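In the part that follows, the structures are each spelled out as structure tokens.
The two complexes that follow have chain A in common; it is paired with chain B in the first and with chain C in the second.
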Partner chain A sequence: MKLELGKIYIKDIKFDDSQRIEDGVLYVSKEELTKIALSDDHLASAEFDIAKPGESVRITPVKDVIEPRVKVEGSGGVFPGWIAKVDTVGSGKTYALKGMAVVTAGPIVGFQEGVIDMTGPGADYTPFSKTINLVMVCKPVEGLKQHAYEKAVRLAGFRVAAAIGELARSLEPDETVVYETCTIKEGLQKYPDLPRVAYVHMLQSQGLLHDTYVYGVDAKQILPTIVSPTETFDGAIVSGNCVSACDKNPTYVHQNNPVVEELFKQHGKTINFVCHILTNENVFLADKERSSFFTAKICKMLDLDGVIISEEGFGNPDTDLIMNCKKITAEGIKTVIITDEYAGRDGKSQSLADAHASADAVVTAGNANEVVILPKLDKVIGTLDYINKIAGASEETLREDGSLEVEIQVITGATSEVGFGCLSAR
Partner chain B sequence: MLVIITNNPLIQESFGSTYTVDYEALSYDDILIKIRDAVHRGASILTHPLYGSVKPKETPYRSVLMEMREGPVDMDSLLLIEQTIASAGKFPNKSAGYDEATLNDCKIIDLSLLQGALRSM
Partner chain C sequence: MAKIKVVHYINQFFAQIGGEEKADYPAELRVGEIIGPGSAFAAAFGDEAEIVATIVCGDSYFNENIDKAKADILEMVKSQKPDLFIAGPAFNAGRYGVACGTITDAVLNELGIPALTGMYEENPGVDMFASKLYIVSTKNSAAGMRAAVKKMAPLALKLARHEKIGASVVEGYIPTGVRVNFFEKERGAKRAVDMLLKKLADKPFVTEYPMPNFDRVAPNPAVKDMAHARVALVTSGGIVPKGNPDHIESSSASHYGEYNIAGVEALSSATYETAHGGYDPVYANDDPNRVLPVDALRQLEKEGVIGKLHEKYYSTVGNGTAVASAKAFAAEFSQKLLEDHVDAVILTST
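Let's turn to the complex of A and B:
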């Protein structure tokens, strides 16, 4: 599969009566966007705001972050199964609006975290302090249940992002990157001497605010499967998943998965990037066993030499991570796992809830229990009503001077387990 | 026999007519101890006792599906519940000051996680 990804850099976002992109400036109409958001009758209101890097703004609780994209050539459309009809994506030409994001915010449940600070020490921990954010806060109609509210906000975010992406359809990209994968046979012929490597991508799939979707299917209902790594660039994987914000993959991260990007960079040079394997993280122990056996079997059938495994979340998914690592290693395939740690505020506790000797090559995305002080910021988009309740906070979190004492687990993307973060040991 | 051990009253309301629900108004720590005691008697754990991504004790509720029997100890289940108790021990109890609405959200999330597992049985 060959995908040309055209990047259109957005330097600023402004509200205006007519929607367009001109000289790198995105003009959006609150009225138009509100119509798009409220086309679902589960939502009573939608408010839009803009947060720019360096501004004294805190966005919380964050639900999802989405990069506007549009499919200009090739089969299917963005967010297949949700916005576009189900068709295989990942080939042809797609344009992405770089430097900006659509952020959905607002409390679905009363202990929901997810903080994006646009300035100060908190900004250093989240990748979304570097994007110009169009923030949408939706309120539900009275009496709407949490599941329906979550879905309504999720879909409203995709609709708004897709509508903004459409504005770029006739533009010339500032830069184009070409991603090309080969079939199994082509790969063997072209790169006979390179190690065969795949990416095992674990998707959180446990329930309300813990779900991920593949082509519109709830990932808890899939058996592990293979996709072309370019499919994720068109929104084949979307997030419904925001509890424990530090190590959850918002849709934006799936669209820009750094593991996929890096494997593409090495493809044909040091490795043969064979495919992208998707698996889930379920609650039922038999599901965990089944999915990890299937994943290991797929790796074996593809004659892989090595895999990169990324986890999503902490605790219960540590079991899936170790099962995958153990069973794939037992097939004679080398593994590297990417995770984050909950090693306590002093960093001295056991980091993962499970372990095995086969997990001998581990990349850590940081200790989510690390404490930071986030100074009071001038403006809050969303609400601070729940800030003392969220994971990584306490009754003492909101201090008299308005600053927050929190663990970095409250910050969206702080310990991203696909490496879409800012922490480094370098 | 399949039994849901829970301290979430919503589980009793939702699944009480279709599953055997062993509901008791226990703390988060005590529900884990109750599960461990059952494992000591020979029961097996079928759903992971560590919550989804809601951290241990950030919610007061926990529900776990178990295969109840008496006999030799299922060592996998024992390891799992001991790891869970050790993991939960790292987290402070957050839910003491929760209002009714937040407690209700906690119940719904716990219910949703268990529903997902029961659907795949």
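Let's turn to the complex of A and C:
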């Protein structure tokens, strides 16, 4: 499969009556976007705002972050199963608006969404302090339950991102990267001497707003499967998460999966990047056993030499991570796992809820319990009403001077377990 | 700002008194003297700090008279009122390492003075003291003195100034078991691919998180006589009286709550809710018995399947809560359960 990813750099976003991209500036109409967002009658209102890197702005409660993209050649369209009809994506040509993101916000649960600071110490921890963010704060109609509210906001975000991506359809990309994978037989012929490597990608599927979707299917209901690594670049995997924001993958991170990108850089040089294996993190023991056995079996059937396994979340999924590592290692395949840590505010506690000797090659994205002080910022997009209850906060979080004392757990993407950022711990 | 005052501890060998034959040299305070490795530290400190005294002690003397040697040396240190204490570095010298570790620990914990030492990772002093002290990792012989001082001097100054100490790989100390965050140069995904390439090529690689020895708890034997057993409910699912009176955090709980359910036939959404921040609370709030099954236990009580539902239940939030905190909560309320003659506990999680 071959995908050309054209990058169009967005230098600024401005509100205007007519929507267009001109000289790297995205012009969007509040009226148009509101219409698109509110086409779902579960939402009562959607307000749009712009947050730029370096501004004294705090966005919370953040639900998802999405990169606008448009499919210009090849089968399918972005976000298959949600926006486009279900068709195989990952080949042809896709344009991405780089340097910006659509951020959805709203108090869905009130204590599970994230914080994005555009400046100050909090900005160091989130990748989305470096993007120009078009923020949409969505409020539900009265009486809507959380899961229905989550779905409405999730889909509103995809609709808005897809509509913005559409504005780039006839543009010339600033830069193009080509990603190409081979079929099993081609790979064996082309790279007979290179180690065969795959990416085992664990998708958050604990349920109750811990969800991920693959081509529109709830990942709880999948058996481990394989996809071409290029498919995720077209939005084949999307976030339905609304929980401890530090280590859940927003849709943006799926669209720009760093493990896939880094493995592509080595593909054909030091490794043969065979495929992208998707598995889940269900809460029942039978599901955990089944999924990890299937994953190990797929790895063996593909004659892999090595895999990278990434987790999403903590606690309960630590058991899935260790089961995957143990069973894949037992097939004689070399493993590296990526996780984050919950070592306590003092850093003294055991970091994972499970452990095994086979997990001897670990990359950590840091201790999510580390406490930081986030100074008061001039403007809040969203609301601070829930800040003392957010996962990683306490009754003492909001201090008299308006600063926040919080664990980095509250910050969107702070301890990304697909290795999106540079944070680590020793 | 006044210069930081430093007392430096070395053995008879580095004081150029002699080798093994002089290892019984008793502890001696030399005020105003900078000896051996002290001059390397003095150079590295520049105008920031000065060594005001050097304490010399034979390795055999220290280890064979450990209580007296320690007490004498602590008095010597105290007399100089230093801002900082440095011992060694001891490299791979075993008895010197133990002496450096022992005295650094004592100065730090008994005198409350910032203190630092340095050793090779296989020095027996590392096993004894790495979890209590900052021990800078050095080479295995004195040939590594320059490199050792280069790491020890800046870390020592940070300690003296009570600055925040970074992660072990950044500061150069041997891991203490306390996890500290820092920003790597490469993103995690790149580090993972690099680590896999090394592993595939059978080249050495360093894991970023060595797996701990996992604590496994064997289940207790089954309760023989359930019909007369007092059964308690304990949950990490966050069920609390409405309004969360003890303010249990939605994640990383710092405490647990004890609540009375005497006379409560079943929990109701009017009076109970969850404080847990890790799941959609709709179903738990609609019917809190889904997480803390008081209704089912009352039924079993009526049917005579269990003797009695204990009138108190204990609740905390499991979401992101440190294992050490959870252990401490359980150690405390287990005593209360024992005092209340509880025979069995049903633990519910979410």
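Quick note on the criterion: the second predicted complex is superposed on the first by the 421 of 426 C-alpha atoms of A that agree within 3 Å, B and C clash if a C-alpha of one lies under 4 Å from a C-alpha of the other, contacts with A are read in each partner's own complex, and residues count from 1 in each chain.
Here, a contact is a pair of C-beta atoms (placed from the backbone, for glycine too) under 8 Å apart; a residue touches a chain by one contact, two chains touch by 3 or more.
Fair warning: this is a prediction, and the values are worked out from it, not measured in the lab.
A.B. asks: Kindly say whether there is room for both chain B and chain C on chain A in the superposition, answering fit or clash.
C.D. replies: With chain A as the common anchor, chain B and chain C collide in the superposed model.
A.B. asks: Check whether A:Q204 is in contact with chain B, with chain C, with both or with neither, and answer first, second, both or neither.
C.D. replies: A:Q204: touches chain B, not chain C.
A.B. asks: Considering only the touch criterion stated at the top, classify A:K130 as touching first (chain B), second (chain C), both, or neither.
C.D. replies: Neither chain B nor chain C is touched by A:K130.
A.B. asks: Look at A:K326 in the shared chain and tell me whether it touches chain B only, chain C only, both, or neither; answer first, second, both or neither.
C.D. replies: neither
A.B. asks: So in the superposed three-chain picture, is A:K220 touching just chain B, just chain C, both, or none of them (first/second/both/neither)?
C.D. replies: Only chain B; A:K220 stays clear of chain C.
A.B. asks: A:V418 contacts which: chain B (first), chain C (second), both, neither?
C.D. replies: Second partner only, chain C.
A.B. asks: In the overlaid three-chain picture, which partner chain does A:D346 touch, first (chain B) or second (chain C), both, or neither?
C.D. replies: The answer is second: A:D346 touches chain C but not chain B.
A.B. asks: Any idea whether chain B or chain C touches more of chain A?
C.D. replies: C
A.B. asks: Thinking of the overlay built on chain A, is A:V259 touched by chain B (first), by chain C (second), by both, or by neither?
C.D. replies: Second partner only.
A.B. asks: Which chain A residues come up in both lists, the one for chain B and the one for chain C?
C.D. replies: Residues 109, 111, 145-147, 206-210, 243-244, 314-315, 342, 344, 349-350, 353-354, 389-391, 394-395, which sit in both footprints.
A.B. asks: In the complex formed with chain C, which residues of chain A make contact?
C.D. replies: 109, 111-112, 124, 145-147, 195, 197, 206-210, 243-244, 258-259, 261-263, 265-266, 270-271, 305-308, 310, 314-315, 334, 336, 338-339, 341-357, 359-370, 389-395, 407-409, 416-426
A.B. asks: Which residues of chain C touch chain A in their complex?
C.D. replies: Listed in rising order, the residues of chain C that touch chain A are 167-170, 175, 177-193, 195-197, 199-200, 205, 207-215, 247, 249-252, 254, 277-283, 318-325.
A.B. asks: Which residues, counting only chain B, touch chain A once they are in their complex?
C.D. replies: 45-48, 50-56, 58-59, 65, 80, 83-84, 86-87, 90, 92, 94, 97-99, 101-102, 105-106, 108-109, 112-117, 120-121
A.B. asks: Which bits of chain A are touching chain B when the two form their complex?
C.D. replies: Those in contact with chain B are residues 109-111, 145-147, 204-210, 220-221, 241, 243-244, 248, 282-288, 313-316, 319, 342, 344, 349-350, 353-354, 386, 389-391, 394-395.
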